[in-house]
Each structure stands twice: as structure tokens, then as C-alpha cells.
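The letters A, B, C and D name the chains in turn, as written, and every chain counts its residues from 1.
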Amino acid sequence: MMSTTELAAPGALPAHGPVSAGRALDRWRVPLTVAVLCVLPFVLPSQALAVNVLIYGLFTVGFNLLFGYTGLLSFGHAAFFGAGAYLTGMSIVHFGFGWLGAMLTGVVGASLLSAVIGALAIRTRGIYFCMVTLALAQLVYYLALQASGWTGGENGLRGFTVARAELIGGFSVNLLDPLQKYYFLMVFAALALWFVSRVLNSPFGAAIEAVRENETRARACGFDVERTKLLSFILSGALCGLAGTLSALHLSIVPLDALSVHTSSIVVMMTMLGGAGSFFGPFVGALVFLLIEDVASLWTSHWQLIVGIVFILFVLFMPKGIWGSLIALARREGRAPR
Amino acid sequence: MTAIMSVTDVGRSFGGFVALAGITAEFERNKVTAVIGPNGAGKSTFFNVLSGVLAPSTGSIRFKGQELKGLKQHRFAHLGIARSYQITNLFPHLSVEENVRVAAQALRTRYDILRHRESYPELPQKAEAALAQVGLLHRRGRRARDLAHGEQRALEIAIALVADPELLLLDEPTAGMGPEETKDMVALIERLAADRTILLVEHKMKMILGLSDRILVLHHGRLIADGTPAAVQSDPEVRRVYLGQNDGYA
Amino acid sequence: MAMLEVEKLNAWYGPSHVVHDLSFAVEEGEIVALVGRNGAGKTSTLRAIMGLMPRAEGRVAFDGTSLLPLGAHARFRLGLGYVPEDRRIVPGLTVRENLELGLVAAGRTDVGAAIDEIARSFPRLKERLNQQGTTMSGGEQQMLAIARAIISRPKMVLLDEPSEGIMPVLVEEMGTLFRTLRDQGTTLLLVEQNVEWALKLAGRAIIIDQGEKVYESSAAALLADKDIQDRYCAV
Amino acid sequence: MDLELILMQLFSGLALGAILVMVALGLTIVFGMLGIVNFAHGALFMVGAYAGLWVAAQTGSFWWALLVAPIAIGVLGMAIERFLIRPLYGRSPDDPLLLTFGLGYVLVESVRITFGTDGIPFSAPEALQGVVDLGVGYFPLYRLFVVGVVALVLLLLWVALEKTRFGLIVRAGARDPLIMKVLGVDVGRLWLLVFGLGVGLTALGGVLAAPMRNVSPEMGTLVLAEAFVVTVIGGMGSLLGAVVAGLLVGIAVSMTALFAPEMATIVMFALMALILLVRPQGLFGRPGAGA
């Protein structure tokens, strides 16, 4: 008898979100995020902070595609962020590329690198995967350190300020103006978000969910688990590469630190703070992390201690992160009347 | 040739341990074949080899004339072989409908990142049909992990069924079920057997005797009997190692 | 006072409530058969008594001590042995080492003597002491699992389907062993699918279905009552 | 290039490898037993070195440092297991990993606060300075000492694991904790001890390494990556694998330093990539054990 009433309204059978508000939020997730990003420079204490939220938020979105949605925890995503940044800078310094060519080089290069690292890393599983990604990213770090003629070695890559981005039709953006630069970078972040949202809604998005939920079963159903993981790894690497590219354009230098374990760590922490596997989580996490850093560094140079402690507390008491816990709460309340 | 799958001299060892030794058998189209044997006889290994989870160390497996040895496991599904699991093995956080739909999708499109997943109208239809077949339609919105045990078992079958496989491998489909649920499951298997080949591993002797057209008995990794239920039941070797003096209880 | 007293035991596995208000008692020196269908909650009951369920409530007293607040290892130390369904012979260890595991908690120093002693009751193990435990046949592994659980001479042993998947001749051997153990004063709680065999061994029988006790009587009475057997135990 | 130089370099690789063996053993023992990877392992190596530094400064004796620091840090490890990791058993295997990773941050920052951010030199005791003639060439005495200590620790570990009842419990507990529980072993306490042992080993590695390199808060990061490389090559959970791969990596690094110094840090990662291609479970790993 239950079944007839439920059959009558197949539209009212959402997958995870019994709350209709949640579904609306899902449908409008890209415009909503972009709208928030638009006002960010005016609500945050500094524009520098806003630009960092933008860049690290995108970095985290890319990482979250692999960790949150595909279930693979990488500790080496600095390699792709750094590769994007370095290749952008290097193609300007050494080859005199324009901004668009440099960005393309950065993103394509990061994707290729993630294809190589991904192909090696997905041969392993679980804890092994974390270790291998970390080690391979260290390899990239030391390569950059050694190839100082190309990368500037320990001093980082300098001397590629892009002052003006020429657009078609004679328009140009003054990248020396912080606000213009912010919106210029935001356009790419918005495009990337739209792309991620699309991927998540696509059949491939269902495939990575299946792999995350139950690899064995996914394989028995006919999914090529290895190829699905690799593709997800490459998409994730490409997005992180784009974030690196934006960071290079923003800072006009690439510090060697962009490739370090520390950078890989930051993105893991941001994802955990915001909530892995949710669309808004990464930006929430990036914002919270950078705010903690911003505030804590005002009164101590050892703000990393505070970040570490906060992170430990999250793992212990709020493993779903801020946004993830909010979703869980809303879902529980939404389900109660049923 | 009526055999849909033929297994020739298949063996599998782990390190020095021989789990399967030289099994040769043929599975006839649209028949129900059961594999039985004491614990540790090699049933699961055999089942895993047939479903592509394990590659055989020796021998060959042909499905509709095609050699399967060396193929990756996911290819088995695409060729028309589907399996269920003994221990419930679902996508726990997805809804019942999503569980089945994603299984249907695996054979239709896997890497498309630009279309919407709902732009394949046949997938929900297939999912609905499979759910209807196992009687789970009224639970389609529930999360898989929130289902009752029997319902999870049914969903297990639906996931295998949605691919419309020619060969269905069932690993103890009635594990942990009461007599009512078992009866339903037997009825379901009989319905499914009308137009596809079914191979099942089971413990419940009575159920197998009534359901199967043919029974294979494994012991210590070897095939010690292969025949009709009646023939196998009266086989002295089978009685000695498996059935024991008192029938019915294994 | 009974050796084991179970009162209103409830147990959960994740969200599913698998044992409901179960009460029964086992007297010292008897064999009690706990029977019922696959999935009826027999294994969960043993696991709850042994302290291996994620959540268990109610009261379980063993030899006067309340068990539920204790960890599994403490329950063993009180003299409660357990042979799990899947035997769990530790891979990579020899038969002798597996037997020695049964002695570590007792802190006995005369390991060699204890192993010689147990080997006398298990001739099949005697000749294989230095073989890897997991390379033996299923029946021999089951014997090893039982030997390991009783080598420290527990007051009571919980056995989860010891006869499952074992050659009939070994099952008979096992029956003889259980009778000997009982005659020596060891209390046994036996979960079985092989109902006839279990009922011939046991003094009393308890049937559980869907996590609840539905029947309790002498084993002989149940053995004679085919109706009840068919209703609750038929496979 | 003369033979003596190659021999010396080989030997120096052995000493480097011996340190790696200590770190990787600790990592792999904890993994084999508790099934978790301790991401604070590198940081605890560093903390071990600082603890050694502090004890040596207080007592004026390197020997006290060598004895006290690993034990003290091992006890710290037990506290970490008891209060931070134990609440996470039964949750996703990623959780202990993430937690120890955050803990690594806290440890590094705490050391920076206590000892400053700059590296501190730490010299070997006088008795161990200088070189010794082994007939085939002159070798630095301290490195010889390091190899000797590690060999001794390995011997003790081997005896403890293979010849004692405690070892039997550890080996069986690593394979099947449940059966140990129902045979009366307090597995929680066993895990506590093993975690402490693993941390103590890495701390000992830290103290031993201190005179060979600068003691700095960052020294753990590189070691963690190196230990990962060693465990991946050797096979996760395999003690023999950790020993063989540790020495292999140490020698490979140091031989590369002789012929192509700029490739020295890179070669071990290349070695790992190669292993992943041909044998993803590592040299001594069981197939399916994580790979």
C-alpha cells in the first residue's frame, strides 16, 4: 500500500536529500558559489584574503573530486598545484608566452603530470596510496630544486609579472589592480566550478561514486575501476593545476614551497575542515583555514600549532567537517516526519 | 552446442596451496547448475574464477566460445555474466534505485563527463523493472544500508539482474534467510531460470535438490561428482565426504 | 547456581537488533544445544556472551561474575573458552604455536607438557605439531581450534557450529570428544545446524528464532518432536 | 675512481640505510599490528633527536641520551595511542592517518617554540669521533657505531619476536586480533605497547642520526617520505622488507651521490616508481595486502 503512494510521485524520491531546500541548493550550487565569490573581496577583512580563498578554494575543489567523491586520499597534490604554477611562470620567463598560453601550459602540464603519477599511484590502495602520492610529490619537489636553471631552485621562480591581460576585441584587464585581478581570476574559477558540477552530475560522476562506495561491486557491475580512478585523478590534477596557474598569475612568483608537503597538507586540512564529498565544503574549508591563519598569525608566529590542534579536534569530533555536518543535521531533521 | 560456458582443466593455487585442481565442466544454456561441497572445498575459488575475480592458474574458460582467461573482471559483465555476493555487497550510501541504476549504467556509459546522468531515460526504466522483479519497488528511495537483511539480499539480486545477463552466478542467495524468504527466493530463481543460465553455490541441500537441473560436488579442490540431483545424492563418494549418514543436513 | 545465566540479553549489530530479550541458563557439567535456522541469532548470542558484539545489553553471569562490563579477554580469563565459527587458525604459525596461543593468558610455564597432554586427546594433531596450521584440512583445523580453546582447561566452552562442513567420520570423533569433556566436568554450549547430531549429544536444547527464544526442553524431547524441528530448524 | 672511495661511500650508505631501517621498522610494525599508518612518524623521529639533544645537554653524556630519549619518546607514543588514536578504532582507516598527520604539525611547531627554528649542531661523543682503519680503508667511527647499534637492535627484535612468548602474541595478534582476544589477551594493551615500540624505534633513529646531520624541526619531513619509500619498496608490514629495502635505499642514495650528486635525493623515488611498476606489493609484501 505504501508502494502505490510512493509510485504516484516518482519525482518526490530524491536520492540523498529528502529536504527540498537541499535539492534547490544543489541545483543552484554553481551560481550560488559564484555569487558568494563575487562579494568576497568586500566582506572579508582583506582583498588578499579573498584572492587566497579563491585560489585555495579551487585547489580544494580539485582535491575533493579525488578524495571526497572518488574516495582516494592523496598526500601529493602539491605536485599538481606546483606544476601548474611553475609551468605558467616558466613558459613566460623562458619562452615569452602570453598569459593565455602560459595558463594553458600550466593546466595541460599539470594534467600530464597527474596522468603519470596517477598511473603509478592507483596501482596501490588505501594507506599505500597516501604514501605513494606523498613520495612521488617529493620526487617532483626535488626535481624542481635540482633544476634550478629552469625553476630558480630554492629561491623560487621570479620575474614574470603579467601586468595586463589582453582580451579579444581590444579589451584588457589591468592585473596590477587588485580588484580587477580578482575578478579576472574568478572567471576561471567559476568556469572550473561549472565544469566540476557538470562532471558530478554526469554518468562519470555516478561511476566515481560507485567506485568510492564499493570498489568490488563496481567492478562486478562492469566498471573499469582502474580507469575510472585514473580519469578522476587526472581531472583532479588538472583542476589543482589551474589553481596553481591562478596562484602564479596572482603572486608573480612561484615559491619552491608550492611543491612542498606543506602545500599538500594544506589542501587535505581545508577539505577536512569544510567537509569531504560536498560541493560547498572546499570553499568553506579554505575560508575557515585561511581565517584561522589570518587571525592566529596576528598574535603568534606559531599559528600552525593552532591549525594542527584545530585539525586534530575536527578528526576526533567532527570528521564530516563543517558543511558535511550541517548537511547531516539538515537531513536528519528532514527525515524525521517521514 | 548447448553449453553456454565450458570450463576445461581449470586450476588455481595460492602460493603452494592448491584450491582448485583440474576442473572440467560444461554449463548448459537455460539450466540451473548448483555447486556444493564442504567448507574449504574450493567452491568460492571456483565461483571467483568463473566471475573473473581470480584468474585461473591453469586451464581455460570459454563463454559462448570466447576465451575468458586473461580478461579483466569488468569485461565479464559486458559479455553477459553477472554475479551476486554471499555477504551483502551493495553501495551502502546510495538509494536502492541508485544502486540498481548505476549498475545498469556500467554497461551503457562509463566515462562520459559532459552529459547529465539523467539524460539516459532507459536507465531508470531498467532499474525499475529489475526492482519490480525482486519486489523492492516500494523501497526505491531508501538507503541501501537501511534495508532489512532479506531486502538487501533481494537488492543484491536486482543489481546483478539489471544487466540482463545470459549467465547469472549466485553465491548462496538464501544465506541467512528464513523459510518464507527462502521460498520467495527459490520462486524468483525459478522465474529467472526460464530464459537464462544460472549457476549457484548453496548450502541448503533440500533447496538445491528441488531447484537444480544439475549438481557439481567439489571436495579438496576436485570435482568428485557431476550429474542430476538424484545421481549425485546416491553417489557413495558424495555421501561419504559430504552428506553423511543422515540426509538433509549439511 | 548455574554456570552461565543469561537474562534479558539484547544485542545489536550496527542498526539491526539481532538478539531480543533472551534468557536461559546452563548448569555446570551439562551440554546445551542452541539450535535454530541460519541467521536466527545463534552466533550473535555466543558473540554477545563472549564480548564480541558492538552493543549488548541485559545481564550475563558466568560462575557468579557479571560478564557484560568485561572485555573478551577478561571473560576468557574467568574460564570461558570460545571456538568461533570460522575457526581462525592463525596463518603463518605452526600447529604447536597455535596451541601455545591457548596458554599465553594462563601464564603456564610448562608449555611443552601441556601440549603433549592435549596431543594425546587429539591424535590427528600430534603428528602435525610442526606443520603450518592453515595447511591442514578443514576438519583438522576445527580440531585444532577446539584443542586451542580447551588447552587451558576452561570451565565452560562456547562452540559455534563445530561440525559445519566436516567429514562425517570426524564429526563422530568430535562427538566422542565432547562427551569426554562433559564427563570431566566441562560445561558446553553448542550452537549447531546439524540438529540431530547436536541433540544426541546434548542434555537440553534451546531453539531461537529471529533473535528470540521460542522453545526449551530436554534434547530427547526435541529430538522426538519432528514438527517443532521442521518449524524452526529446517534448512 | 678508486676502490677505497667506493667502499667508503658504500659504507656511508650502509649507515644511512641503518637509520632508515629504524624508522621504517617502527612504521611497519605499527601498521602490521594496528593497521594504521602513523603520519607523525617523521615528526617523532625529529622529536627523538631533540630529546636526545636535551638529555645530552642535561647529563653531559651522549650515552644517556641514546638510552633515555627513545624510551621517553616511546612513552609519549603510548600516550598518543591511548588518548588520540584509540577513539578512532572502528572508524574509517583514513581517520588515524589524518589525525597523526595533524599531530605532526603540532609536534613540529611545539619543537620550534621550545628549541627555536634554526638547526642545532649535535656532535658525536669524543670516543666515537675520528676514523678507524679496517684494512680496506679508513671509516668514520661514528658511522660504524650506528651500524653496530642498529644490528644489535635488529638482533634483539628478532629474538623478541621469534623466540619469546611476547613475540608469539605479537605475531599472532598482527594476523588475527579477534582470536587473541578470545584467548585472553588484552589486545588494547598489546597495541599500546606496539605503538610505543614503533615510536621508540623511530626516536632511536633520530638520536642516532643527530650527529650525522643538523638537528632541525624540518628533519622529520624528509625522513617520513624516505620511510614511505622504504616501506613501499620492502612491502608494507614486512619486517624483513623494511630491513632489506632500508639498506638498499641507503646504499643507492649514497652511491648515486658519488657518481651524480644532484640525483642523490631523486634516485630513491625513482626506485620506488620502478617497484610499483613491476611489483606493486613491494619486494616482501603479500599480494593483496594493500596493493
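Convention: a residue touches a chain if its C-beta (ideal position, glycine included) is under 8 Å from a C-beta of that chain, and two chains touch if they have at least 3 such contacts.
Chain labels with UniProt names: B = ABC transporter ATP-binding protein; D = Branched-chain amino acid ABC transporter permease.
Keep in mind that what you see is a predicted model, and the values were worked out from it rather than measured.
J.: Give me the step distance from subunit A to subunit B, shortest route via touching chains only.
T.: 1
J.: Sort the other chains by how far their Cα centres are from that of subunit D and give me the top one.
T.: It is B.
J.: Cα centroid separation between subunit C and subunit D, in whole Å?
T.: Inter-chain centre distance comes to 43 Å.
J.: Just how far, in Å, is the C-alpha centre of subunit C from the one of subunit B?
T.: Computed value for the inter-centroid distance: 32 Å.
J.: Would you kindly tell me how far, in whole Å, the mean C-alpha position of subunit C lies from that of subunit A?
T.: Computed from C-alpha means, the inter-chain centre distance equals 53 Å.
J.: Hey, how far is the Cα centre of subunit B from the one of subunit D, in Å?
T.: Centre-to-centre distance between subunit B and subunit D: 47 Å.
J.: Can you pull out the residues of subunit B that are in contact with at least two other chains?
T.: Residues: none.
J.: Subunit D: which residues touch two or more other chains?
T.: Answer for subunit D, listing residues that touch two or more other chains: there are none.
J.: Can you list the subunit A residues in contact with two or more other chains?
T.: Subunit A, residues with two or more chain partners: not present.
J.: Chains as vertices, touching pairs as edges: which of line, ring, star, complete or other describes this one?
T.: Shape = ring; chains linked end to end, path closes on itself.
J.: What are all the touching pairs of chains?
T.: Result of the pairwise touch check is A-B, A-D, B-C, C-D.
J.: Spell out the residues on subunit C that touch subunit D in their complex, using ranges where they run on.
T.: Touching subunit D from subunit C are residues 50-52, 71-74, 76-77, 81-82, 84, 88, 90-93, 97, 100-102, 104-106, 148-149, 152.
J.: State the interface residues of subunit B toward subunit A in the complex, per the touch definition above.
T.: Contact set of subunit B toward subunit A: 51, 53, 72-78, 82-83, 85, 89-95, 97-98, 101-103, 105-118, 120, 137-138, 140-141, 143, 159, 163.
J.: What residues of subunit D sit close enough to touch subunit A in their complex?
T.: 31, 36-37, 39, 84, 87-88, 91-95, 97-99, 101-106, 108-110, 112-113, 221-222, 224-225, 228-229, 231-232, 236, 262-263, 265-266, 269-270, 272-273, 276-277, 280, 290-291
J.: Considering only the defined contacts, which subunit D positions touch subunit C in the complex?
T.: Spelled out, the residues of subunit D in touch with subunit C are 165, 168-169, 171-172, 175-176, 178-188.
J.: Show which residues of subunit A lie in contact with subunit B when the two form their complex.
T.: Residues of subunit A touching subunit B: 2-3, 6-7, 13-16, 198-199, 201-207, 209-210, 213-214, 216-225, 227-228, 231, 235.
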